[in-house]
Structures are given as structure tokens and as C-alpha cells.
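Chain lettering (A, B, C and D) follows the sequence in which the chains are written, and residue indices restart at 1 in each chain.
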Amino acid sequence: MGVGRAGSGSDPGKPSWVSQDWSGTVVLVNTATTERTSSPSAVISAVAVSKSWGSHQVFSDVTADVLPGVTGLLGSNGAGKTTLLGMLLALHAPDSGTLSVLGADPATAGPELRMHIGYAPEHHNLPNDVAAQDLVRHIALVHGLPKREATTRSSDALWLVGLGEERARPVGTMSTGQRQRVKLAQAIAHGPKLILLDEPTDGLDPVQRDDMLALIRRIGTDFGIHVLLSSHLLEEVERIADNVVILSNGTVRASGRIDDLRTGQGGMTAILDSGVELVAASLQRSGYEVAVERNKVSVGTTEPLEQLADALRDAIAENGAPLRRMEPVKQTLEDLFLDEVYGS
Amino acid sequence: MNTIAAMTRRIIPAVATRGRIIAMLLIGAAGIAIGVVLRRADATTTDMTEFAALFGLTIFVPLVALVISTASLGSLVEDKTLVYFWLRPLGRWQISTASLLAGLAVLLPLILVPMGILGIVTGDTDALQGILAGSLVGLVAYTSVFTMLGLFTQRALAWGLLYVLLWEGLVAGFSRSAGWLAIRTYTDGALSRVGGSAGSIVDPPQGATILIVTGAIVVTSFVVTTWRLNTMTVD
Amino acid sequence: MSNTSAEIFDRGYRAYEGPRTGIGTAMRSVGVSTVQRALGLRRKFRFKIVPLLTVAVAYLPAIGFLAVAILLPADLAGQVVPEYAGYFGLINILMVLLAAFVVPEVMGSDRKTGMFGLYLASPLTRWHYLISKFVAIIMVMSLVTMLPVIFQMVGYSFLEIGPDGFVEILKTLGRIIASGFILSIFFGLFGMAASTFTDRQLFASAAIVILIVASEAFTSTLVDQANAPDWIRIFGLLTMPANLIARVFGETGVDAVRIEGLSDLGSLGVWVGFCAVFVGLITVGYRRLEVTK
Amino acid sequence: MTNVPPPPPIPSQVPPPPAPHASPTSSAYVAQPAPPAPPLPRQRADNEVLAVTNLSKWFGDVVAVSDISFGLGPGVTALLGPNGAGKSTTLRMIAGLAAPSQGTVEVFGADPRKDKDVRGRIGIVPQQESLFQEQRAIEFVALAGVLNGLMDPTGRAREVLEIVELDPADTRPISSYSKGMRQRVKVAQALIHKPELLLLDEPLTGLDPRQRLHMTQLIRSLGEAGVCVVVSSHVLDEVERLGSRVMVIAQGRLAAQGDFHEIRALMDDRPHRIRVRSSNARTLGGVLLTGSGIAGLTVVDGESLIVDTDDAATFRGTIAAVAQAADVRLLEVQPLDDDLESVFKYLVGR
């Protein structure tokens, strides 16, 4: 986290990193020094937040923390992901409860907060006849960068997202993949502390999606910007996210580091091209209960995996069964999601 | 054929949206208001009929027909829902029929009621019949042409306005020969044939010609619409 | 130590920790991009047609009057002193073009291209956004409402047939500027209000043209043919502002548009009333606009 | 499941000398310069539902689809390809929505654009979300029934709505439905007339994980019931679960078709890359290198090895025995590039 000039005397209610005189410059300092109710390192924390649109209750008494790094925001359709992004941008206030983003309360520090947040919306439409460079520079200016800084940083951002040569081309002439990169560039150009990405890989083909995911991962790690990524594709989130927040009909079912949330049932599975029954039989002889499904052998155990790993290896070696895949049983994010949301 | 009826029932709400109905009724009400004011200022019947012809046949009927009919197939193409009619085991002529019927079903009340009131306000039964006749001819002809237009271009509204304002408004007014190609000649003709000599065109076409030409317009529009449906690329 | 110390520099991402400009700069940036879009700068040619055509036509009368004044011998030229209010009559018509085509393009395009969503996610609130849009529109419109008339006045004062004496010149200049704002603000707000309620710019343009033409047609038929009271003409969207301008110039010439039975203050009141209605419509329209629902 | 004989395998070439540890990103899968075999006439299976021959489509001078030929019978086929490769254009030409610039599309032997009866045997789930907004789901689906000339459209509409788990009695308009529910309404209208050819354009986008699971199961069961289903999609993990044959289109040309494992096996110029995690990576690595068929080996850290092997079958058969002999504990064996995504990337040139 970069450290800027210490803020001059600022309003006690507001965190020290934001001095509030509009006409003057707004100064940003390291956020670590400020006091906060929830876990000190949370980028975003919600305490008993409720929100409803007319009769439809979107959030009821939600308390959760979004930890630093790349966080996946997961939830079934209509679980309130987009509404949450709107509340983080102080576009609508929660009916009750408090929300804190980067240490500040969106309800009171909305505009200053948005100055330090990048947002890439879900839809693909961008002004077709405006050049990518002008668009990104314009958004940087609007977020408070001085003129020259906006010009240099918008060009940097476009190079970093892989749109170096095309940055002077009008956005209308660009493919879906390139337009997604322009959206990402405008979100990071003005040096935000946090970026909110709504379905960033929507409409991309597998190759384009790989590049975009690698880019988002780099933003969350090398660039030192926190990323909150709303997405349906769990395989993607699992690949690049450190933490996850799972929403379902108004409540937070789970939030925290993915690895902490995984329930590690002991055991291993092996997929063999042939000789599955033989291997299963020899394992049973050495006292393991074994489940066989087509060409997959699953062995459960309570004690540490080492003995099981050796036994499995030996059983396969002795029966000469061709081993295609072997791995410890690990709950995928999809299983985690389906358990948490649907308890199936 | 209940397929045609089903499609017609589906096109009507897509065409008669609240916004369009209110806007058209407002314009109609304004015309009637002026008619009433003229009446109170005891304008002569010929003046009143002339106003009804000017307001009704050159502005109100074409404009309402334009806004509604261009949407009957145009909105399906723009919303990309035409596929749910098009990729079905039925002849495409049924789609053209349904769109025409839907247009007429909406436009008959939306045009004839205000124009009828305007006719009553003129206080002369001949003028009333003339106005209704003119409106009916206009309604049928414009609907079939603008339904077809809605299928050919996304900017049907703009092209339609151009046709009504420029071609019918100016060109048809000046040159006699061009007049034969403008629907307004026939709506005015019907007005003067039925409503006595109140029509604004010097020698209006014969009654029979009006019917034949209107019929020809409807048929050709129908055939072109069906041909277009058969050969177009559907999203 | 080798004399050449090689270095590889980190070209990675540099977070910007410096001071940030306030909301004023952000609004100016939105304003600048609005003016560019209005005049079709940096854009395909077809966006340049209406704005440039309008600005060009606005200067024709000034050039015309000046040419006549130059060619005619000095004494005759005196008779050709223009009535400024009359000049604004032509500008009035051009304002219809600007309000109908340039304003919907400037307002509707932000919603259509998703820029409005990006602005809401920036330090700008929707009210800052609307103010910067309004100011930009006024500046574009004053290219047509003020500059040509000032150009003409300057031309005339060179030929010594315009207002003479410093105070007189200042007064005329003041009146021209006031009239310019009367038209810019009225048609600016009217255009914004109309394009708030429909995303399709063609509908907004059509609505503006129809409303203006219809309002003039109906009010004049009512007044002329049905001898309705003259103040009905305040509902004529071209007549009403022209009447206020005539009051500003205090001219009573033949082609000055004056609504009888309406005081100067009354004319101003009506103008302010219309503007207030438009502001109300814009506020209602833009408050409802949800981006992240 | 699919009994359409796969087209004759590409005449096997002499495998080129193993490329020095060719990383997947270096060379596009370019068919090796095979001896010019005479083009075999495509055999037509007896239960062929869809026959596409020399299909091409160009918009102005941009070629979207160039000279594609294939035949499909009952079962699920996944149509894959990068954006702009001609995938949805091909799907739309199969449905008859767009006219081919060249070549023919025959569904049950007839052209869907001209023959109105064959259109009654096709169901399509378009990509765009727009439906008749103010209608209720039951009305929209029943309308499809009427237009297909069904005897009891509303009854049948209720059935298909239940199949896609939507409540037929729901009175809310479709406009208030979520993206997932709208997708299911579209599927219902495509199923109401029991089509024998079902086309789905990106049916999985916008669905959350559970909805995607159901949609995949529905598509799989339709395929098993004998419907010829063509699905175009980008979500390769779900397509892999469909367990269907795939057809990959790249740069407007048919790049490959068939079961993706077999396609992977045909790519004999690409060594198989496998990650092995064990108790002692260096020992295992040393022992493996002495064996045959190892094209390349990278030691990631004390535990992980990445092995490139030309002879995957032998490697699979011996890895356990080799580890046992070297007394090294095997913790994980993960093939890294025989999933559909890798096959897709190799074919598409990345």
C-alpha cells in the first residue's frame, strides 16, 4: 500500500486518509493507521446491513468482511450482487446497519470514496466513436487526477491491459475481448485502492477469458489493488480468487479465505484406464473401504494421508493398472457453493 | 386459422403501448379542441371541413398510422422476437396477415373515434361521412404501407415522416402527376366524393378509382411484406 | 565496479498517491467532453453537420447587414440600422435545430453508451453531472445566440452607425448578452427535459420539433382565427422568448414580437416559470435513473 | 451413443522428431503436410438428421464461414470456437434463420428456410434474451404450441414448463423474470412440439451454478432420448460434463470434430503434460528420465514435477510401479492438457 503525505488535521469522524476540503486537494495516506470495528485488515466490512427494494428484501442483517487481495462475490441470480456493488459505490444506502469501505462509510464519504474505487460495469456498451485513450483519460480526470497525470496513466493502463497499439482506435471498432480490457483499464487508470468488476469475463471465449483472468490476478497481486469480482463461473473464481463471499436469498452463507472454508474430508481418488476392480479389491484386503464409480476409485480415511497414498500406489503398481489421475479429495468451490447455498 | 388469431393477439400489445396511445389521443384531442373553438367562433361548415381535412387527413391519420403500423413488424425485428413467429411450420403470409389485422384493430378505434367527433363538431352530416370515408381509406392504405416499411428499415419512423411531410405535403400538392402516387389524393378524394364538395383537391378521382387504388396498395404491400419475410435474415 | 552499471526498471503499475483535484475539475472535464460531442469534434463527419450548419447560418444576417452597410453610401446606411430583437427572431429558429438535434445527442448518448453509469461511479453525483451538462450546453448555444449579434454590433460601431458612446455600447452589449442567455437557457433546458424521458434520440428530436411547431400553430390559430385573448401566445414556444427579448431591447418596431396585455415583469415571470417546469422534469427524470439496481 | 461413423481419421503421418519441449503456446496445431489423399465422399448414416455440405457465408468481403461439411444424428454435439470464428453464424444457418452464401443445409433432407413442414421439427433457443415481455410464461409457451399446430397447446405448455422447473400458474410477466428463468422459458418454447433437432445458442450464459447444472442434465437427457441437440457454448467445463462429441470451428473453418479425448490423442505432435506431486521430486524425476518416452521434465519445487511425455499410455502404465520401486510416495498425478480447454486452445492456435 503506497503511503502519501500525512493528512492535515481532518474531521475526526472521517478516517485520517481523507481530508475533506472540496476546493483543495484530497490527500490519501496509508489506511493502516485508522481504527475500525471489524478485523483490522478488512477492505470492506458490513455490520447487520439490510436492504430491500419495495417488497423484495435483498439483504437481511448481513455481516461480512471482504479481505485484502482478490475476492470472489458469488451468489445465485437475484441474490443481490449488483445491489451490493451499488451500495459500495454509495449509489444507494442500506436501510439499516453500517457499511465501511476502505475504512470510510459510503453514506457520509460517498464522493471521496468513489474517487478511490474503480468500477467496471457488467454491460458491454461504451461510447463507440470515442478513442479508447480519450475515454480512459476522461474517466481518470473525472476521478480527480491532474491533467498530465491522467494522460500518462491512462496510456500506461492501456499498455498494461494489452491494448498498447489499439489505444488510439475508437472503442466501437473493438472486439468484445478488447472492450472488456478497455473497461478494466478505465477502472485501474486513476490509481484506485479497490476495483469492483461485474462479470468481467462475460462474452469472452476461453482464450480471451484466460488472458483476462491472468490480468485480474496480476491487478490483485502485483498492482496492489484490491479486487471484488462478481461472477457466476466458479471455476474462474477458484483459479484467481484468494477469498470468497457467498450470498444467498438475503444472507451471507460464507465469507473468508477459500482454503479456510474448504472442508477437507480425508481420502484420495484415482482414475484408472483399466483394472479398477482389482485395485479396489486389494485395497479392501488391506482394510480400506473403497467406492468404485465407472473407472474412478475413491478411498476414505481418517488418519493422515501418507499411509493411504502408499497403499494406493502399491495397489495400482501390483495390478499394473494404468493411472490417469490421482488426487487427495478436495472440495471444489462449486461443491462448497452448492453445499452452502443449497445444502445439497 | 387460430395461428393468425394467436399472432394478431400477440402483436396488438407490442404495438399499442401506453406511451403511443396517450400521445396519439393527445394529438386527436388537440384537433378536436381547435374544431370546437372554431365552431364557437362560428366558422362556416366549409371552413370546418377544410380544417378537418387539413388536420385529419394530412396530419392525424398518417401520423397515427405511421407510429402504430411501423411497430407491428418493426418492433418484432428490433426486439429480436420475430424468430418466435418466423421459425414455425406456417406460411409467412400468415405473419403478414396477422400484422395487418393487428394494425387495423388498433387503428380503427384510435383514428375513427377522434375523427368522428371532429366530424360531428363540424355540424354537417355530409361532412361527417366524408371525413370518416377519407379517414377509412387513409387508415387502410397507410397501415399496409407502413407495416411493410417497418420490416425494411430500423428507421421506419424517420422515412415515414419524410414521406408524409415531404412527398405528400409538398410534392403531391403541386404537381398533378405526382398526386396520383400520394395516398392523400385518395383520402381527400374520398372526403369530397362522400362529403360533398368540401375536399381541397380540385377534381378528386372517381369513387371507383379510389377503391381500386386503395385495394392495389393493400395487395402490393401484403405481397412485398410476405416476400420480404421469406427472404430476410432473422436475428 | 564495472563502469557501466546496467539497470532494469520496473515498468509495472504505479499507484497514484499524489493529491487529487476536487469536483470542479471533474465537472469541467465532463463539460469539455460534452462540448466536443455537441460540436461533433473528434467524431465522424455526420455529427458535425447540424452544429456547424447552425453556427454558419447564425452569422449570415450579421454579414449581410454589414455588407449592405458598407456598400451603401454613408447617409443611406443610417436607415439600415438593424433591430437587434429582429436578429434574435432568426436565431430563435436556429435554436429549434440545436435543441432538437444537438441536445438529445449530448444527453441521450451518455445513457445509451453506459457513460452515465461510469459517471455515477465517480466522485460526481447525478446533480453535479446535470449542472456540468447544462453549462456546456449553454456555452455551445451562446455560439449561436450571442456571438453573431455582438459581431454585428462591433461591425456597426466601426461604421459609426451602431450605438455610439461608451455607455451606449455597454448597454447594447448587456442587452445582447441577456437575450443570448434567455434563448440558450430556455432551449437548453427544454432540450434536456425532452431527452430525459426517452432513450431514443429520434423520439426526443421529433417530440421537440412537433411541440414547438404545434404550440406555435395552435396558439396563432386560436388567437388569429378564434380571437382568443392575446396572452394565449405565451404558450407559443418561439413567441414567448421572443417577446421577452423584445422587452429587453424595449423596441416596439413592426417586427418586434410583443404579447399584448403582458408586462415586462410578467414576460420574465413566464420565462422563469417555463424554465422551472423544465428543471422539475429533468430532476424527476434523472432521480429515477437507476444504474446498479 | 452416437452411431454416426466418424469421418475417416486423418491419414497418420510419420511423427516429426519430438519438438524440444514444445510449450503449448508456441505452435498452432497445423496439420502436418500429409500426402494428398483423395477427398473421400462423406458417408451418410441412415439416421442422419442434419446434413451440411460445403457451407460458406460471407458478409461483404468478410468470410464468416468457409466450406464446412458435416452430418449429425441423434445425440448432443457441442459447437465450440473463439468469438468471431463463425460459430453462431453456422448455428443460425442450420436453423434456416440466415441463408448460406454457398453450400446447402438439409434437415431431414429438406431446406429449413423453404420447407415449412420441416420447421415444425426444429426447436431453437436463441441467444438474445428478449421475449414478449408483458406475457406470462404459460401464454408465451402456449403460443409456440399454437403456432406448431398442437391440439392442446396450454396442456403441453404446462408439461414443458414443469420439465424446466417453472411454475405454469405463475402470473408474473416474463419481464420480471431473472436471466436464468428467462433462459428456461426459452427452452420450454423450444421443447413444446417435441423437436427432433434442437439448437441452443449459448444456453448457459448468465445461469448460476445450480441452474447450469440443471440445464446440462436436461440437454444430456434430451440427447440420450434421441434428439439431435447442437449446443454452442463458451463454458467448456460444463460442455466437458455433457460428455458429448465436439465440433470446433476456428477462423471460419471446421478444425476438428468427435470425442475430445480422441482428438487430443490425434495431436501426436503435442507431448502430454502431466504434473506429479510426490514425496521426493528429484529422485522420481531422475528415475523417470531413465525410462523411455519422456520428452521433457521440469522440477517445480521439492515436491512437484511437470513431465512432458510422447507416450502417455506407457507413462500411465508405469508411473505407480516406478514410484514404488524408487520408494517415492505419490500424492498427486494431474494431466494438465487433456481437458477440453487445452484441446480447444491447441486447435485454435494458442
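Here, contacts are C-beta pairs under 8 Å (C-beta built on N, C-alpha and C of every residue); 3 or more make two chains touch, one makes a residue touch a chain.
Just so it is clear, the model here is predicted, and its values are computed rather than measured.
Q: Compute the centre of every chain as the mean of its C-alpha atoms, then state which one is farthest from the centre of chain D.
A: Chain centre farthest from chain D's centre: C.
Q: May I ask which two chains are joined by the most contacting C-beta pairs?
A: A-C
Q: Please work out the Cα centroid separation of chain A and chain D, and write it as a whole number of Å.
A: Chain centres of chain A and chain D, defined by C-alpha means, are spaced 28 Å apart.
Q: Quick one: report the Å distance separating chain C from chain D, using the average Cα coordinate of each chain.
A: It comes to 57 Å between the two C-alpha centres.
Q: Using CA atom averages as chain centres, what separation in Å is found between chain B and chain C?
A: That gives a centre separation of 37 Å.
Q: Round to the nearest whole Å and give the separation of the Cα centres of chain B and chain D.
A: Chain B and chain D have C-alpha centres separated by 50 Å.
Q: Check each residue of chain A and list the ones that touch at least two other chains.
A: Expected reply: no residues.
Q: So which bits of chain D are touching at least two other chains?
A: Not one residue of chain D touches more than one other chain, so the list is empty.
Q: Counting only chain pairs that touch, give me the topology of the graph as line, ring, star, complete or other.
A: The chain contacts form a single closed ring, each chain touching exactly two others.
Q: Every touching chain pair, please?
A: Chain pairs that touch: A-C, A-D, B-C, B-D.
Q: Residue numbers of chain A touching chain D in their complex, please.
A: So the residues of chain A in touch with chain D come to 75-78, 175-177, 202-210, 232-235, 273, 305-306, 309-310, 312-314, 316-317, 320-328, 334, 337-338, 341-342.
Q: Where on chain C is chain B touching in the complex?
A: So the residues of chain C touching chain B come out as 202, 206, 214, 218, 221-222, 225-228.
Q: Residues of chain B touching chain D in their complex?
A: These residues of chain B touch chain D: 2-3, 6-7, 10, 13-14, 79-81, 83-91, 231, 233-235.
Q: Within the complex, which stretch of chain D touches chain B?
A: Interface residues on chain D, with respect to chain B: 95-99, 112, 116-120, 122, 124, 126, 128, 130-132, 134-135, 140, 143-144, 146-149, 189.
Q: Help me check something: in the complex, which residues belonging to chain A touch chain C?
A: Residues of chain A touching chain C: 2-5, 22-28, 53, 82-83, 85-86, 89, 91-92, 110-112, 114-115, 117, 119, 121, 123, 125-131, 134, 138-139, 141-146, 149, 153, 156, 160, 186, 188, 190-191, 219, 222-225.
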